[in-house]
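Pasting a structure below so you can have a look.
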Amino acid sequence: MRWSGDEILEFLRADFPQAFRDGWDYEITDLAADRVTVRLSSHESQLRPGGTISGPTMMHLADFAVYVLLLALHGQSASLSVTTNLTISFLRKPEAGDLIAEVELLKHGRTLSVAAVHLRDERGRVVAHAEATYHMAGAD
Amino acid sequence: MRWSGDEILEFLRADFPQAFRDGWDYEITDLAADRVTVRLSSHESQLRPGGTISGPTMMHLADFAVYVLLLALHGQSASLSVTTNLTISFLRKPEAGDLIAEVELLKHGRTLSVAAVHLRDERGRVVAHAEATYHMAGAD
Amino acid sequence: MRWSGDEILEFLRADFPQAFRDGWDYEITDLAADRVTVRLSSHESQLRPGGTISGPTMMHLADFAVYVLLLALHGQSASLSVTTNLTISFLRKPEAGDLIAEVELLKHGRTLSVAAVHLRDERGRVVAHAEATYHMAGAD
Amino acid sequence: MRWSGDEILEFLRADFPQAFRDGWDYEITDLAADRVTVRLSSHESQLRPGGTISGPTMMHLADFAVYVLLLALHGQSASLSVTTNLTISFLRKPEAGDLIAEVELLKHGRTLSVAAVHLRDERGRVVAHAEATYHMAGAD
């Protein structure tokens, strides 16, 4: 791994401040060459009426968590990567609370990387499942 | 059509205030039984460094624009619908400015509706393409 | 489980003969309430020039393996289900040989079921990853 | 355009004989820089019980029709392209008969091309909608 979880968060706080807007925060655990877990702390701005976590919050975390793994593997040069495709299935309404993304890296090529993501709520239920493709920018 | 563009926006401002946070605003045009165009006014909070529109902003507008069409067709009862799947391909970096979603309703079933969405930037270039599936909640 | 692997294959041979055309055959293992493994025996008609397994063969097996799990859970009434969405990412060229689908059922609702599928070649490498949504027909 | 419809079909008959197995045949019309229509002649081997066209037939035609457009644009070098992602939504049961794919090229980059496909049955109804991403092989 090029970067640790702390190094990744330090880089992201400076380079990608929107992901931390309103005081949003993240915890990175279980970091390995082909997987990572990213936990988004609950925040009122993530909620829809009825107390469920919004779809855009889930899409953001799925995409963000894959980016975290690419930063771990490549360091700063991963910031040239862009998402080319994101597919997400919303499975059940998450309860208000932290949202946890478990990333499995399926392919790690020179120009394309593909990952599957299970999103869980605090109770541990899978609330959404996503697949993201990243492309190393500059190659196209 | 059950509701006009003005009726839809009036309902959404009350029922879905998060979509209007920070002063975000929308214009609904070309509303018909199987299509609608929704324009999101540009706002600083939509931008990434470098002046491009963020991925979550594009995902939100694609999803939101399909919901607008379901509200036009069904009125308030469409608010029981939930997105079950969203697939988006990011094609090129949009320039800062308004973002336009052109929705084509492909299927309008009793429990499932499917739509394709072309997202364009102000220059008219297709910057992303999405497909969304909505499910009438309560049926599952 | 309503049906065992043998019962499922017996039903499919009679009801879905196209899946067994040219002598194609399947092995069902690790059957549980939320997962199953389905192995497709290699056959010359599955190959592309160069000896790699064709895309349609992979798409077929991903879809078929999810259907196998729904048959296990519901018996014959699962035959009213239809695939409404299939997303597949092709990750690397599979080597000629058996193709193995590992299904994880993510949601099992009254009208919608969603599953993720890892497709592996005989060497155990993940060669494709799919997500399928089934809808209980008659509900729409 | 590098190749005409006739040149494409001549190339495919020699290079991709599986697509013509059992006597399957295709007609290419409306070929332009960003679109093409490909018509698959009906054949008994495409049908499911009940007389509807099978899912694998629809997935094959969607993928094949995009490949046709890349061959028109690039000639033989397009044969180095591989599908990296295919997403398809099945909207309604097609009636037995010819199946028509209308391809819209959304992005045509150096390494990645993305296209949307409307699949229609002979009655002109949209029976499925697909999105395919092709990657120029050798780049990864």
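By letter and in written order, the chains are A, B, C and D; residue numbering begins at 1 in each of them.
Criterion: contacts are C-beta pairs under 8 Å (C-beta built on N, C-alpha and C of every residue); 3 or more make two chains touch, one makes a residue touch a chain.
These figures come from a predicted structure and were not determined experimentally.
K.L.:
Averaging each chain's C-alpha atoms to get its centre, pick out the one most distant from subunit B.
P.N.:
It is C whose centre lies farthest from that of subunit B.
K.L.:
Between subunit C and subunit D, what is the separation of their C-alpha centroids in Å?
P.N.:
About 23 Å separates the centre of subunit C from that of subunit D.
K.L.:
Taking the mean of the C-alpha atoms as each chain's centre, how many Å separate subunit B from subunit D?
P.N.:
It comes to 29 Å between the two C-alpha centres.
K.L.:
How big is the gap, in whole Å, between where the Cα atoms of subunit A centre and where those of subunit D centre?
P.N.:
Using C-alpha averages as centres, the distance is 34 Å.
K.L.:
Multi-chain contacts only, two chains or more: what residues does subunit D have there?
P.N.:
84-85, 87, 89, 133
K.L.:
Which category does the touching pattern between chains fall into here: line, ring, star, complete, or other?
P.N.:
complete
K.L.:
Where on subunit C is subunit B touching in the complex?
P.N.:
Subunit C residues touching subunit B: 84-85, 87, 109-112, 133, 135, 139-140.
K.L.:
Would you mind writing out the residues of subunit C in touch with subunit D in their complex?
P.N.:
Residue list for subunit C touching subunit D: 15, 18, 48-49, 54-56, 59-60, 63, 82-90.
K.L.:
Can you list the subunit D residues touching subunit B in their complex?
P.N.:
87, 89, 91-92, 106-107, 114, 116, 126, 129, 131, 133
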